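In this document, chain identifiers A, B and C correspond to the written order of the chains, with residue numbering beginning at 1 in each.
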Amino acid sequence: MSLQYRGRHFLNSLDFAPAELRTLVEVALRMKRGAERGHLPGRILALLFFNASVRTRVSCETAMARLGGNAIALTPGRDTWNFEDQDGVVMDQNAQEHVRELSPVVTSMVDAVGIRKCDLITVGDAKTSVTDSYAELKKDSFIHAFARFSKKPVLNLESNAAHPLQHLADMATLVEKLGEPRGKKYVLSWAWHPKSLPVATPHSQMLAAADLGMDVTILHPPGYDLDADYVGAATQRARQLGGNVTVTHDVEAAYKDAKAVCVKSWGSLQYYGRFDEEVAAKKALRSTWICDESKMARTADGIFMHCLPARRNVVVTDGVLDSKRSVVVDQAENRLWTVMALLKELIGG
Amino acid sequence: MSLQYRGRHFLNSLDFAPAELRTLVEVALRMKRGAERGHLPGRILALLFFNASVRTRVSCETAMARLGGNAIALTPGRDTWNFEDQDGVVMDQNAQEHVRELSPVVTSMVDAVGIRKCDLITVGDAKTSVTDSYAELKKDSFIHAFARFSKKPVLNLESNAAHPLQHLADMATLVEKLGEPRGKKYVLSWAWHPKSLPVATPHSQMLAAADLGMDVTILHPPGYDLDADYVGAATQRARQLGGNVTVTHDVEAAYKDAKAVCVKSWGSLQYYGRFDEEVAAKKALRSTWICDESKMARTADGIFMHCLPARRNVVVTDGVLDSKRSVVVDQAENRLWTVMALLKELIGG
Amino acid sequence: MSLQYRGRHFLNSLDFAPAELRTLVEVALRMKRGAERGHLPGRILALLFFNASVRTRVSCETAMARLGGNAIALTPGRDTWNFEDQDGVVMDQNAQEHVRELSPVVTSMVDAVGIRKCDLITVGDAKTSVTDSYAELKKDSFIHAFARFSKKPVLNLESNAAHPLQHLADMATLVEKLGEPRGKKYVLSWAWHPKSLPVATPHSQMLAAADLGMDVTILHPPGYDLDADYVGAATQRARQLGGNVTVTHDVEAAYKDAKAVCVKSWGSLQYYGRFDEEVAAKKALRSTWICDESKMARTADGIFMHCLPARRNVVVTDGVLDSKRSVVVDQAENRLWTVMALLKELIGG
């Protein structure tokens, strides 16, 4: 393989051409079937988890271990000091270390850094304390500041705006399950959920299908538009490959003839910072916006995808998740192979 | 070695014949003296610690490191989402991910999973919030659900009912210290403790001696019977090897002529879920039910065993713990060698 | 290299002769430029972090990984039980495990243990709950008890009295940046800070310069004397190498002609346990006691050092930290190379 990936950050999949991402996916699928290997002995990936994780944590640590290296996982503010990312601040309050020091120091010791910092993620029924607007949160200031001062590749493990590792895994899953996905119908459907979840994952899932030139349908109730910047980019990228992106509120029409249905809940961008209001406003959506067997029956024997974790019988029924159409476990396993391919290409060996 | 252990779960030592456990112990003791090695390069053991740990965590992580592999330790609900293990639940409350996804996903990435989930374990003087009966808790629903959906061996790192890794380590210690333990007198004695501790460890300690065909005496005050299912199984297994299990409340008689004394506190099964009541009810037991030098003097120069951690001068006196009869450090070190043997046999290499 | 370091504890740099520390620094600098390697396959370093960390955690874990071994990081009381280090205690309160068991058990499994236990360290603006005097805290009872019962080398990752790993890294940085530092002027300056920080780091920084035979100036306001035992030891060690240690309150004179300025805040030893009172008492010091460009301009083109984390525009201005004189990132990177050299020498390979 060429050196085209070596040393680059992986902050947003929009920084990579669809063909570059597809190449990474092919490396991943070759690694999965044992046709390609990587070797990163003595190399270290530091992981900063501001939020909880299962797949991201296990896949990143396992990837490094299988490549012969190691991972160091830290929870900022618990294992470490509190960090500041804004310039010019008089740091006499809660923040103890500035990213201007943190980033070059950590990256003088390790070979790459993964960062999960998504302000809307909470464990259990804990509420988020975010009061910022989406316009503010989508700047993802911490990870961008970290990357700016970093000596090594920085990987986005999910920010407010994007989850590019999910992008890679979903691309791999679509290629694996559908053969050549180009031109096939893919539906990304919103679902009701008790909390207001981030748009990072649906952004990246939409882009995964778009970057394969699929016929992408975004299905959600009025008021739940994804970020127009991301929808626009996805549309442009899909069209270059002969696909398209359309948005609809029509559940029945959307599922019809789909080859792949990806279900995901996300919070309304208008309600960011006013999440309690959203809970009340979306109450009536619950009964309709769950993926069930009758909806899946309208597809063309389509596969069911979900990034996980999935709240059973809330976002999707047991019947769908436990059916043969569900590929969620394979999709999650592909998180491992795609991040392994990515690490191999970004940090070498 | 044959492949008889490959791929099996290690949830409860009752799932293994005494001879199978003895074989694992022999492997462990050969590894301890450098006569046998294992090799698990690039293999990963995930560890889910719902509760605190010292020996289990350090021994499991060290075992994988010495075998050339790696461990990933996670605290559910802190590092990860909250998990659900009951079927058919509408997951609109605190739980975010079902074991039906969690287990196959994690075990699609790693080679084995260890789980410590024991509802009565707390750190310091923190009270447990359990309100279930022992009959409910002994089902150990989470680990059994996890094993049901797992693609790889699952190890019990202590549940409500059993602590099979302690079983292996105690067997190894008895073999190491007593030569052939068959027929020799072993006492498992209850001790007073400010909290109501789980019965998992005494169950497994009783079974360790029973599976060696020892003459096992269970000593405790009235009302502190261990689970009859476990006492029954231990009795049957001991008898098959020429040993026996007897229960007594007579402290003086129990210690007499013992070759090994294992001290452990546990909560009364009747008081599960009503722990505050037990504190009052057991007050009078404190002065008698501590292991001290005078009790140990009645033994036949018996060794003193404890699973650790031990509250000094509460469960056992400084004099006993600091005496030459105490083998608690060797017993703990055997946690390492036995889990290393187990991992070698379960996941190969 | 000889075996002079093998198996020793690294609790306080005063336990090592200046020449021994200088030799370790030379090993570190050779490793940094690739002229020397270490090899610790299958070896394990356990890390007990009672307090938060960035550089110490990442450097220790990375060092072991690069040497082919592994690290296990635990937070006592969160990942583990609560520990007791006093002898003869009736452990019926919050502590569950005594160091008399903990230490030999853990060190029967691993090859070395690092311990950070410094009672004044807190995350963010959290207040410390310490009520002990400095005279009591400087005993560092936990780490000394742990070392007493340990079977393997114990490393101090910062205690109340000393931070010997910072000592090594600062020595390496001074040698790297100043050529032969002997006789050159080094200033250790106090800075205002919202909290009362430990004296461990300034003690070790002062000693780092003293052990190189530098002309050491300790600059602080009245009432902020460092521990006379440490200042005395530093003076004696500096003089043996042709250097000296002087203490001054005169900011202007202190910076003049300095080749190296190391800035650090620390709490007044008189106020230990009465930190709220110190906050009020030191209010007037804030405006003067910050390191800024005008102060640095008085030096002989001196380098700026700080152990990090540094509160920007509180302890030191952006202008100084972002200037070419700042060597803080290199200084932090040297934490990696010096601990790698130390581990190589203490545990071999």
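Rule of thumb we're sticking to: a contact is a pair of C-beta atoms (placed from the backbone, for glycine too) under 8 Å apart; a residue touches a chain by one contact, two chains touch by 3 or more.
The shown structure was predicted, so the numbers you read here are calculated from the model rather than taken from an experiment.
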- request: Show which chains lie in contact with subunit B and also with subunit C.
  value: A
- prompt: Quick one: how far do you have to rotate subunit A to sit on subunit B, C-alpha fit, nearest 5 degrees?
  reply: 120
Message: Are the interface residues of subunit A and subunit C largely the same numbers on each copy, more than half shared, or largely different?
response: different
- line: The distance between the C-alpha centres of subunit A and subunit C, rounded to whole Å, is 40
- request: Spell out, as numbers or ranges, the residues of subunit C touching 2 or more other chains.
  value: 70
Query: Where on subunit C does subunit A make contact in their complex?
result: 49, 52-55, 57-59, 61-62, 65-66, 68, 70, 73, 75, 123-125, 194, 308-314, 318, 321-322, 328-330, 332-333, 335-336
Query: If you look only at subunit C, which of its residues touch subunit B in the complex?
result: 42, 44, 46, 69-70, 72, 74, 77-82, 84, 87-98, 100-102, 104-106, 108-110
